[in-house]
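Going by the order they are written in, the chains are A, B, C and D; count residues from 1 in each one.
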Amino acid sequence: MRGLLQNKYGTMFGVSSLATVTVEEIAKIANTPKMFQFYFHKDRGLNDALLERARAADFNVLALTVDTITGGNRERDKRTGFTSPPKLTLDSLMSFATHPAWAWNFLTKEKFDMPHLSGYVSQGTNLAVSVGDYFSTMLDQSMNWNDAEKLCSQWNGQFALKGIMSVEDAKRAVDIGCTGIMVSNHGGRQLDGCRSPFDQLAEICDAVGDKIDVICEGGIQRGTHVLKALSVGAKACSGGRFYLFALAAAGQAGVERVLGNMCTEIERDMKLMGVTKLDQLSRDNLRFHHSR
Amino acid sequence: MRGLLQNKYGTMFGVSSLATVTVEEIAKIANTPKMFQFYFHKDRGLNDALLERARAADFNVLALTVDTITGGNRERDKRTGFTSPPKLTLDSLMSFATHPAWAWNFLTKEKFDMPHLSGYVSQGTNLAVSVGDYFSTMLDQSMNWNDAEKLCSQWNGQFALKGIMSVEDAKRAVDIGCTGIMVSNHGGRQLDGCRSPFDQLAEICDAVGDKIDVICEGGIQRGTHVLKALSVGAKACSGGRFYLFALAAAGQAGVERVLGNMCTEIERDMKLMGVTKLDQLSRDNLRFHHSR
Amino acid sequence: MRGLLQNKYGTMFGVSSLATVTVEEIAKIANTPKMFQFYFHKDRGLNDALLERARAADFNVLALTVDTITGGNRERDKRTGFTSPPKLTLDSLMSFATHPAWAWNFLTKEKFDMPHLSGYVSQGTNLAVSVGDYFSTMLDQSMNWNDAEKLCSQWNGQFALKGIMSVEDAKRAVDIGCTGIMVSNHGGRQLDGCRSPFDQLAEICDAVGDKIDVICEGGIQRGTHVLKALSVGAKACSGGRFYLFALAAAGQAGVERVLGNMCTEIERDMKLMGVTKLDQLSRDNLRFHHSR
Amino acid sequence: MRGLLQNKYGTMFGVSSLATVTVEEIAKIANTPKMFQFYFHKDRGLNDALLERARAADFNVLALTVDTITGGNRERDKRTGFTSPPKLTLDSLMSFATHPAWAWNFLTKEKFDMPHLSGYVSQGTNLAVSVGDYFSTMLDQSMNWNDAEKLCSQWNGQFALKGIMSVEDAKRAVDIGCTGIMVSNHGGRQLDGCRSPFDQLAEICDAVGDKIDVICEGGIQRGTHVLKALSVGAKACSGGRFYLFALAAAGQAGVERVLGNMCTEIERDMKLMGVTKLDQLSRDNLRFHHSR
């Protein structure tokens, strides 16, 4: 479905190792560039298999997730029993009761699955492993720069690190051969007190913006957010909750609506800023509060 | 009515292309300088006609609106069906019900019209075009600096750009022959996240304050607001909601009251600041928080 | 009563032209230094009479009020009919009903009077002139530096300007022979958007602190407030609402309590700051947020 | 009990002169380093006795409390009759009623006592002296740097000043032979308007971080708080309310839970920061807002 909409709006499509739809199915319906969000597992066979499936499905970009080497302390998830697929606890039942559209979708749609991981999951039989447990048991927390460099070379194409927040790491991404980085703190859900990606964007763009693509991810909800990031020097923006809330509330129609709104807003805002092309955007459009 | 009050308080009178009263009627009742707020339409005939009507009615200033080349994303307007004249939707009826004085005025006063545009509006028969639609269908969104320069020379008198927010544009306004600029973000309703006019005032005054009149528009509600803007270097201030809320709530008496209050406040505040003439105002009166 | 308490706590006593008790009565009961807060009237005979009464009553300091040359726009006072003595309006009756102790005091105590002004008030017969009216009808709004200099020389003793907020005015106070200034914005009730006295204290102390006494007035409620002002460079602090709220709520016992608390707090806070004498206080004790 | 848990989590144990359990009992159950928080009393015999008891019980660190030379103005304590042990007032009864677990513990557990002070307390018979009274009647408010130096030399071991908040005092701590300082404002309960320890940490570490151990105390509740302090340059962190709230609510299980959480958080956060050893932490991890 997102594949269909990205065709319409020309957005790049991203899907992760945890996806409930396979890269092959996505490839069938999406014409625009596709990104595979890669999690680095202890099981190197699983890593290789995922990489080759993404390559075979003509995915254009491999983005290695580097800000989720361990699960964040998602205290709310622990209370509500958030798993993928969701567990029915008293709390989650209450949540369903107060969000009837979500509950309806959950109960009437086909069951969730994580096909990319099937065959590699040893914990339990029904994959109802909590997101937190998945991170701690299946991911390789000792992943290092060598692993990233090897994966980059193995992919041998557009390769990004997803979750860079410092100039130092951005420079190293260049050194190991990345063609891009996604400045991201994983939605602010990993490390409490973390700065926002936008806060880090300027210095990272200053350091590596002329060498690799810098993508800003985090908190993107409106056209002005995108234009601010591009004004600072980002090449593009990426969003998750941006379309996910709409998806949960109204399905494909919801996602279509937010993508349409985003298009309209970017156009309108550019007119109001007196800008006709993206390369006319610059930091002169912005004012910053101090921090150091 | 505003014409009458401006005679009493010596304020300059401004009216836009969207006005419900003609420039000719205003000319009959107003003695003080008059400003015509010009919207640049696709229909050059309409533009010429408006300009000549303003000239014939002895308007002293033409202010070309440059921050509303497209309608802002006024999300509330979309929900409430705000049009000029207003449409009776369930929401607007509710709004009327909770603002009885407004409803009474709306239902008992003569019907609204936009006489400056009659004869040029092709959409529908009753002019009940939403403000958003008006901007997108009738205004020339490709208006550029050449258009502005030509209009300035065609008017051949006091000419201002209304909606300047940057030093660069302020300088260009000087270059094309403007005699003034109105620093404004159109009431903050156009571009979300926009800075306030006052925030931009100092650097704009520094750049062009000695060459053209810089007028500060936006958020002016009290005498101290005016005195702050003049202290920074503005020549004058302009306000919309300042008198419009009073107008909606209490008609001519309301506007008279806010104008009277403004006079009194400016006088009192100058006394309290130890200032007897406006040219004694300077930035020494103010302290600024940092931004860069 | 305040006279009695100042004997106990060694505070300086201040009373204004608007006082309900005469300088002569105060002189009888107060042993510590006394300050007369002088308002400059149109009626120079009244001015002279007030000055001589204060001198005859052995007042030690004359403080000329310079921040209240006109009444502030005290919007609340207008609504509640606040006058001295108070007028019984519906609003003030409601206020009395919800503050029974105040109402009891008002109804059972002897009637208020402004004895310093009796014989000079032409408006009405019962002195129930609103504070706002008093400022606008009786005070000389054209008072200038020459008037202040003449008064200073006429008094020929400790003479302060009360209501200085800028370095420039502080320097001029030195020039005309003042021995002190009270950095004050008249309780923040005069000019909306005014900075606080403490905000201005550092630069004023830097400019004139070695030549005259700088007194900080405004918002002093606790021992730390006094210690902060002294750390910046003030010679002393002055407070109005500090004791007035306590007075209204609990009479002499209330004032005694807040003065006692203040003493205790200053002592305790000095111990906690590791300071045994006031001259050990310095700006090293403080950290400032930026503004310029 | 804390002794047992510190064995498990490797935390250092601290206990004060006001403790309800003796240093000897603690020594029996705790294997990891122990700190005795020393209050300097007027009664030098009590001081000597406490020091020797701590030495005999193999305590490793003596921390002299220097920010509580006098009781803070703990206004809430005055209202609720907070004493050690607690007094049963109407307010405290209400408080117990709304915190049933606390009340249950209070009523069923053995009575509190302050064994370190017994034999030295002359005020009353049951030790129910309020914390405020204890500070003002038993502590030596004239304690000075010589006293601290003498105590340091008398202890002749790891010796810290607890409650340092300035560079100047930190330097002097080095001069008198201290091996550490605890940057602390005593939980913010002593001096209102005081800066937080973390605010002062950087400049203190810059001044003495290479000469003595700088420990950050105050507001530590999460792993990121510890990592921030260590990134600035602290050697360790210390917390009181961190475990005390858990203790009051759930006893040993509560403390075990918060210590476990803290361990987990520090580990997880280090992984997310890309740090494998504490000495990789530096100020590059942080961004500061301005103050000067």
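Basically, contacts are C-beta pairs under 8 Å (C-beta built on N, C-alpha and C of every residue); 3 or more make two chains touch, one makes a residue touch a chain.
Quick caveat: nothing in here was measured; it's all calculated off a predicted structure.
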Output for shared partners of chain A and chain B reads none
Interface composition of copies chain A and chain D: same or different, split at half: different
Whole-Å distance, C-alpha centre of chain A to that of chain D, is 44
Roughly how far is chain A from chain C, going centre to centre by Cα mean, in whole Å? 62
Residues within chain D bordering two or more other chains: 290
Considering the complex alone, what residue numbers of chain B touch chain A? 67, 69-73, 141, 166, 168-169, 190-193, 195, 199, 290-292
List of chain A residues in touch with chain B within their complex: 222, 224, 228, 264-265, 268-269, 271-274, 284, 287-290
